[in-house]
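Chain lettering (A, B, C and D) follows the sequence in which the chains are written, and residue indices restart at 1 in each chain.
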């Protein structure tokens, strides 16, 4: 005998989460014109409009076309246009050319979203218990997928605006998630961690990505971890001390990047109007502003994070050390400010099993050439991250809200 | 004593030409959305919006800022954003990044155009005879400059739409300049030209670019020239005969391009729905259509034109032969259909003098690595081309409306 | 009171090891002409002559110029020419241009070797106990450094000869280290490993590189490891089963490499003379030979190793699992045949300390973007490798003698 | 009735020219070791050994294999290895990889030369009148072909040695063709040329390449031509006057090259030991020497030549002006010092017919994207050049002995 009220409640809750997530994407795009929403400033970044369409494609392709009887595809060619990297789902539009898609228009993409939203709401409304058991995981995955793109939507438009000599602001100050007030006037504390066996990976019933499991044990040596993130002011000291000119501080590939690209400071830093050494501005979602020395540094690559750590006589924590330090007394700024580079490359946990079906390509196939980042950033949507969350980017990436927490020992 | 009525008449005529030219640019852009007008599909092409702004910049910078007393610049940063290649006028936005300029918006660019148009109309209205003598050449240059960009506006959006898997049409059929009815069912006639001393270059009082002069004499050997352009059907015969697989037909650089890029047919040709060899579609301003075998072939590079000529047992005419054949009895399709590749590289005429001032960079500095094209195309605005007109593009260029006329002897 | 006889004995032993190592380098080069010894087939590989000079430079720069009083530099410009990547030791000749150094001649490099060898022998002969304590570690490092280049000398000339359409053989069969006889006719056994705390890293007094320490404990889950390496025959089955055509088997970067470079089989495999599918030849130090189906597969990248493992329903071991499996009963082919890709990226062990002085750049700065390989190959000089030895190469590297051992669980 | 003695005399003369040409190639290579003769410093340059083999391949393939009955190929694979660019003669070794061919060895290439030389001498000795009529043109072509490679042999090794930080000298001073004594202390005279109809192209019975004909008439306007070449001292004045920093002097492509490659002076110029601005050294066949201010400038690209001319208030002559000025009273330095860039792109003369057979690819297929150079250089073998000779290189080429003669009017 099925428990219809419970099924209804679960479906309703899922539908509400679906609805609020979908609405947030549009809200994040709302300060941007249709012109803004079409541009792509580098192959790694995508246009806002593409994010809006691709997240919709995800629901249409992985939910409606699999489970929605009689679902009418909005436009068959969108299977090609808005597939990101799913080989099993057929060929796709070349990633570096997403910025050329002036058609479909933004209005058309909005219609696409509404078409899929209506079908999704119908599907959830009509699901019986058995259907819901099938739908729940993949709809939830689609919601978390869209949340990931919400963050990318912000970081990608920030990069695009950075490339514009007019340096436009994404939004007036009030509308943008702000950096938490700094506690960073004094040096960070070194919090002692005793090591031993740590339990790593997702536990419990809530949602987690496949890459967060299986939960397993890792043996840690004792270590110390910094109570807070490295600040802009501290990083400016590194710059002023010739940090970008001393090869001995850098990994070999990092130094090659410094030289090849002429790096002199974190991404989005510009010399200030005084022209004096050490006077910096930072470009962000609110536009160009004076660098706040107490805010955590952002937009550094793994290479810069590691060079800073070397300069500071410390190192980056492993992802296991980071996870084990969650909840340590006096530890701060673990979430909501900056993704935190770890000294761990992105590898499968022992016994890792990717999702079944097309979503198998979600995480596993990227487990090479990337570093794990932990925590979450000011651009991460509320409710998205977890202590066991494993973000990952290539070590050269700078356009995310990436920062530095130190460890030693 | 000045002749005020005559001055007024000249100024009025110039103002009308200015006005109608400026209006045509907006008309050409009118089938395109703001999203369409922002995209750039390759470094050689520019967004529609950029064309609209750059042509305006030309008038503001070369006319108003030089001759318009008290002209108030619309936005100083546009000097940087919309300068194309004038080194003497300062640094400029990188050409391959024109597609990233979602700001200024299209509306803002329209305001920029109105601001400059009003200032231009005031300037012309108030000009006395002396002022008009100064203004007339540079305003006329600006008008012809804008006409050149009108053609590029069309060829650039055509390329951008080609890159879109949806293959959108620029405009419904009626609104686009159509190819003249074909006379091409039989073979072309070979028109005999006796050679001797030809007078080459612009004559008379009308406007011409600096590169069309000085008029001078060139000695030509007798030759024959084809009465019409090579057709799509004839070019399809070349394709079917293995034209793109026989290195002996090609210049060395052309063959390298064929191999590197896997060329198999002119640009914008796609296999037709039948899937049969020889069934072709062509993408154009009206979208994807069945290839018209009687229409002149378009979108071939100089290399393809030369290989076709070799295959046909003929050659391309020099630009002098082409110019000398103007007005020959029975010669057809010299203007208004396809730019016609010549066997002449783009070099200065004996005694060539570039414009003075910033416009010195208009033509002269490109006189290397390019081939001369003669005639004009369906996308050339009315009144723009002349018998002495010298268009030029690199030999690999395919995105213009470029075609082939043969010569021999 | 010093123990002069013991000092003498240690110095003598070190001198003999120095001498035999230096002699082996020349022996390995001896089948090659001066012309052969000058060529460089890709930036990652170096000419034989360069290896001979660079290993000499290492002793001159890190031993003689630091510790050899009054050492007369053979040629000051060699400091520039033969420095590989030591930023602290000044600028250096660009790596991709090592093949342009027809001067100094091979004869001159031989003279350089003799000059340094004589100075080294004098230095060791005259060393008192205190001096020997200083010299011993760095001379030993230089010896192991030269051994590493002995392997590279072979793999680099193999790649260079592969690029030659004549496919020359490095040496007649007898002179080249041979692959051990195959035990591989049946399937490999899966050896059960119980996991638990493993002690990882170098122990004891013998030489080890800095990256092999500190010795530390790692917690392993139970796993199984294959008793032997994957054979050519097994890998040919993967090829025949469409292994290089099924994206679902590949890491994303690996699949991109397959497509970009058109990979269809391991490096150095060529279709056999029969032209039949599955008839393969392999190019090796003895030239082109029929593929031996029982020999371990070689010249696969990490990507290919991982794709094979996926196809075989297994995975690659971590470097810790590999090290813990040393000495397991029935395990074979751990050393002397193929370097074995592991699923571990090359990272510092907890508490890692690089060498002091210029040798600090020896290993640590490469700890990003590389995978660890364990074991040793047929080209590794005798006495060079150890159970704790950590070799490392980028995941795309194919020109080393790299093979595959599977794990599961 | 055949005239056997005359046939014999002609064959003997041809044989002697063949012999002396072949000997000169070896003499030019003789200061170089086998290691030197193997290196290739850029795709445009070839190793000495390759030149020695390719010129031999030319005789074997175009003479012996066509006309030498029963000729035994030295090595069939050389058809692949030493074909330069003849598509009709089959596939060939990739040009940028010529420096990887340590095999065949130089000794082997010498054997190849002897094998072909002996067969050629036999063929000429045994030729009857009819055979000689067939052989004479293609053997003569092969001789002139080898002479062209003699010049390239010198310019290519010069470039390779320039890439070596040791800056080795090709040969002691006495052995190298020297620059003629300078008459250049005062300014050059401007020699007036009256223009009119000039007869251009090869006349007479002697050998000329296909691209030198047909002889035809060209109409020239009056002009002036400089009596001598631009000197190093004059070019140093251009450098000192900011010549490489003023975009207004440059063609657009030239300025792009200046910026992309950071050009500051002609190729092979290095700041002198004084470190003072204007103190220059020049690298040449004799090694690094103080710049001779009276010697003609060398190793400038067409772009630099054109920028210099603009700076000097002059221009480059067309190839027709240059040819018409031959033999003008008081004109100097037309031959034997520097190839002289002209303002003419390399195009077919009216009625141009390429050679028949495989040699059709000799010249004609390169008639795009190149500039004509006239005269000859210090590295051109005696007897090779003619007044009608048309050398050609891309406008960016700097590694030839290229100089500047000015014209105006």
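Rule of thumb we're sticking to: a residue touches a chain if its C-beta (ideal position, glycine included) is under 8 Å from a C-beta of that chain, and two chains touch if they have at least 3 such contacts.
Bear in mind that the values here come from a model prediction, so they are computed numbers and not experimental data.
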Moving only between chains that touch, what is the shortest number of steps from chain A to chain D? 2
So which chain is farthest from chain C, going by the mean of the CA atoms in each chain? B
Can you compute the centre-to-centre distance for chain C and chain D, using the mean CA position of each chain? Integer Å is fine. 46
Intercentroid distance (Cα basis), chain C paired with chain B, Å: 59
If you average the CA atoms of chain B and of chain D, how many Å lie between those two points? 38
Residues of chain B that touch two or more other chains: which are they? none
Among line, ring, star, complete and other, the chain touch graph is ring
What are the touching chain pairs in this one? A-B, A-C, B-D, C-D
Touching residues on chain B, where the partner in the complex is chain D: 85, 87-88, 197, 216-219, 221, 223, 247-248, 250-255, 302-303, 306, 343-345, 347-348, 350-351, 360-361, 365-369, 395, 409
Across the complex, what residues on chain A touch chain B? 33-36, 38-39, 41, 77, 80-81, 93, 97, 99-106, 160, 163-166, 168
